[in-house]
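Everything on this sheet refers to the single structure shown next.
Read from first to last, the chains carry the letters A, B, C and D; within each, the first residue is number 1.
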């Protein structure tokens, strides 16, 4: 359902969307059923002249089963949902597949800095490419990102990847994604971080291998003699 | 009204002071639980107008970015942050809490359990005075240099702890002080409610003869008292961080911002149930009266309340799934969060089952109560998406969350309040409200309400995230802007209908037809007192002979059987 | 405004006088307040070596003396309760005066201790340990101060044989303050 | 919750007297001597002994004060449950919050400032056991 609003552009986006659909149908069934029963009861037992309400305590077993069985069924549904939720969570957040490339993401009031390791594939070397509010990644490549904050809490979110992780000052948080669809997408900050929170958007460019190589070659700062200080976040 | 806090007696008490206290003493300096309830109720409703106006200002900005909002002006980014922060904080702490917990608890507990007042009337008065002080501090925080606090009602440090980050050093501290004062007020109130309900029941009233709403308020007060402590400790620590220069939550000097999140949400989640339970209790009273039915499985309701209460202490970290907590903890909290759906679902089933075999009259209070169930179900089922950790990766801090908790808080704070006010209005003021106007107001509130928040669910599913003053900065969200426009239009329609309620309320207050003692033919004890009850409630305190929900008992001529009737 | 005691106040359906029940609820909500701050402190303490180093600078003897003072004042409080139950108002009042004397001694010792520490350069902003130290002790000291003030009021009444049941109530609260200190003492002074 | 405990109530006037008073001075003497032990604990110089004497005795002292001075032993049972529940909630809070606050390296994070240096202005004395 979400995919109709927003493309799936990472290797795990469909998992979250499927989980959403699972919960939607399970929960939707219960919701429609209870509302239907609810409105039917209101209609069926509306006040009519000469008809007195029944005296039902609900303490008898034969009466109570009408709420006991549904509630056991809810428990069964819960188990399915828990299973689905934990599986997806494990795959995305707990499990960290080996990286093909590591990038660094630095949040500050109110901009993102993205550090690409450059041609040598290693961070903290002179050929790192630091870009503000602009992230270039290569499609079908497993990226690790390390999140750092210079001041307050931020949250790194790429909706098309279904990716979200808070950025905490004083901590370096690692996560991963594999882009699967080329294009240019939004990056958001979803944790309030002050006055400029609403402006703290960035763009992610998912590129093919050739495009990405060209971008790296074009932007690598070694030739620009920026080798003196590795960028940012060395506090 | 500020002077009401001063302790000087009314100057014009005069010779009548013995029988009839002066206006000031009677309405501003009273220890009578009913007057204090009214104070809470009116303060809460006034704050609801403030917070409602705030929502109008920022919803206009969201639908039509950069517009000069009529009656407000330009919504700049920092004003936007202040507006959303205080809208949230006011609606939770200064509307839902005072109206549902303090207002109805003060009014109903002594009347429903058959005693003359709260056990500690002076503590009760002090509680309101501190609460009122907290209102003043909060209002003052909007106008101090730098402006009101804009770091969201969760007030996460380091944004909230350092003036150089939030740019509202004074506003942030005053906001925190206001919240802390409010907690102190409700701790006093809570102790009073619980002690009164436990100790002062009328002779003959057994545990299972207590009306559900009193049980709910007691459990809510207990939840509040048991959960607010860590946040009070946290507020002290945050206040020191802001003003003394300590570093409890400052990661650059050895503190930890995640600690605050735990302290906050350890309170924050039970807080949802603190306001939910009174509303759900009010609903129970109303649907039994207007369907002339005994509550289905009274004891089961109590068990579900206890289950909800205990479980609510074990779920708080689902607010922090992607906040950098240990990912393994998320699994534990997913399980507990989904388990809490079981007692809540059962409670809803009980209410639906109560309608079976009834004789349902759709009077205004009943419409509100039924709407509470219908709308709260949406809030409940959408919570499952957010409690499931895997789906929450995507939904965290989107408008889906926002729509979800508005589908819980709106039924609680607004629908629950309207249900309670329209139901107990005859008792509170001795006059009847106009039913036709009440129904117009009902439909004019409920239908637009769904038009506000259902589009926001879709907007959130499309990636719309919270606390952004202008979504046109995000190219992916521009096509979804139409949902924001629909939501704002819904809000405007809803606001247009609210003066009808105010008109009905105040007109009925002075001009409404006189109410008899028991206009709804209800069983509970408050309906055996005069309308409105005098100081002391009854000339002779009642004795109780049976449970509160003995409607349509076979073999009796009347279809109700008051709790205090010997036979 | 001297409203008469409501009838509600004299009922005890829960098997306990209203005042005592309420004090237990006060204590329940205080447990979580101190619990929150102590839990936070312990988390930091266990994970930071710097805390251990900083804790070495607190003076165990002063802490121990203050613990002794509070324990002794608790004894007087409970003796006051016993006297009040026997209907001996003046004796209960005397015991309460002794208790508040203990509370005041505690505060005086504490203020000298703090003065000394601040002179040595250990201020509230020196490190997170000292922040916790001053915040937790300060919160506790405020409870001691509040207890002393209420106790003096209760004692003045008790001397005139009024409201004797309140002697027990303030006593329960005082013991709770004592118990909090019993835990703060090893946390801040002993475990080095 | 605690409500669930009480029996159908009697309309008894409040303030009934306790049936017996233990010898409070004796209890106080025990408490004072326990205090001496807890202060003496660190002088043994073994960390385990320090911790046991410090916190074990704190718990014993608190128990004695609560039981005898605060008369929890004669109060209705639900009071003890109430107090116990609050303590359990705090343990729960500690258990759930501590992994995030206490660990320098979590499943997917690390705190660089902890790993590289002592965090605050206090002279860094690593490994100082006490």
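Criterion: a residue touches a chain if its C-beta (ideal position, glycine included) is under 8 Å from a C-beta of that chain, and two chains touch if they have at least 3 such contacts.
Computed from a predicted model, the values in this text were never measured in an experiment.
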Of all chains shown, smallest offset between own Cα centre and global Cα centre goes to B
Busiest interface, counting C-beta pairs, is A-B
Length of the line joining the C-alpha centres of subunit C and subunit D, rounded to whole Å: 15
So, what's the distance in Å between the C-alpha centres of subunit C and subunit A? 48
For subunit A and subunit D, what's the span in angstrom between their mean Cα positions? 41
If you average the CA atoms of subunit B and of subunit D, how many Å lie between those two points? 35
What parts of subunit D, by residue number, touch at least two of the other chains? 2-3, 6, 9, 11, 86, 89-90, 93, 97, 101, 103, 107-109, 111, 113, 119-120
Show the residues in subunit C shared as contacts by 2 or more other chains, in ascending order. 11-14, 16, 18, 25, 28, 31-32, 35-36, 39-40, 43-44, 48, 50, 127-128
Mark out which residues of subunit B touch at least two other chains, giving numbers and ranges. 198, 201, 226-227, 229-230, 247, 251-254, 256, 258-259, 263, 266, 324, 327-328
Pull out all the chain pairs that touch, please. A-B, A-D, B-C, B-D, C-D
Contact set on subunit B toward subunit D in their complex: 197-198, 201, 203, 206-207, 215, 218-219, 222, 226-227, 229-230, 247, 251-254, 256, 258-259, 262-263, 266, 306, 309-310, 313-314, 316-317, 324-329, 332-333
Could you please specify the touching residues of subunit A with respect to subunit D in the complex? 93-94, 96, 168, 170-175, 235
Within the complex, subunit C is touched by subunit D residues 2-3, 6-7, 9-18, 21, 24-25, 27-28, 31-32, 35, 38-39, 41-42, 50-51, 53-55, 57-58, 61-62, 65-66, 68-71, 75-76, 78-79, 82-83, 86-87, 89-90, 93-94, 97-98, 101-104, 114, 118-130
Please name which positions on subunit C make contact with subunit D in the complex. 10-20, 24-25, 27-28, 31-32, 35-36, 38-40, 42-44, 46-50, 52-54, 56, 60-61, 64, 67-68, 71-72, 74-75, 77-79, 82, 85, 126-129, 165, 171-172, 175-176, 178-179, 182-183, 185-186, 190-192
Residues of subunit D touching subunit B in their complex? 1-4, 6, 8-9, 11, 85-86, 89-90, 92-93, 96-97, 99-101, 103, 106-109, 111, 113, 119-120
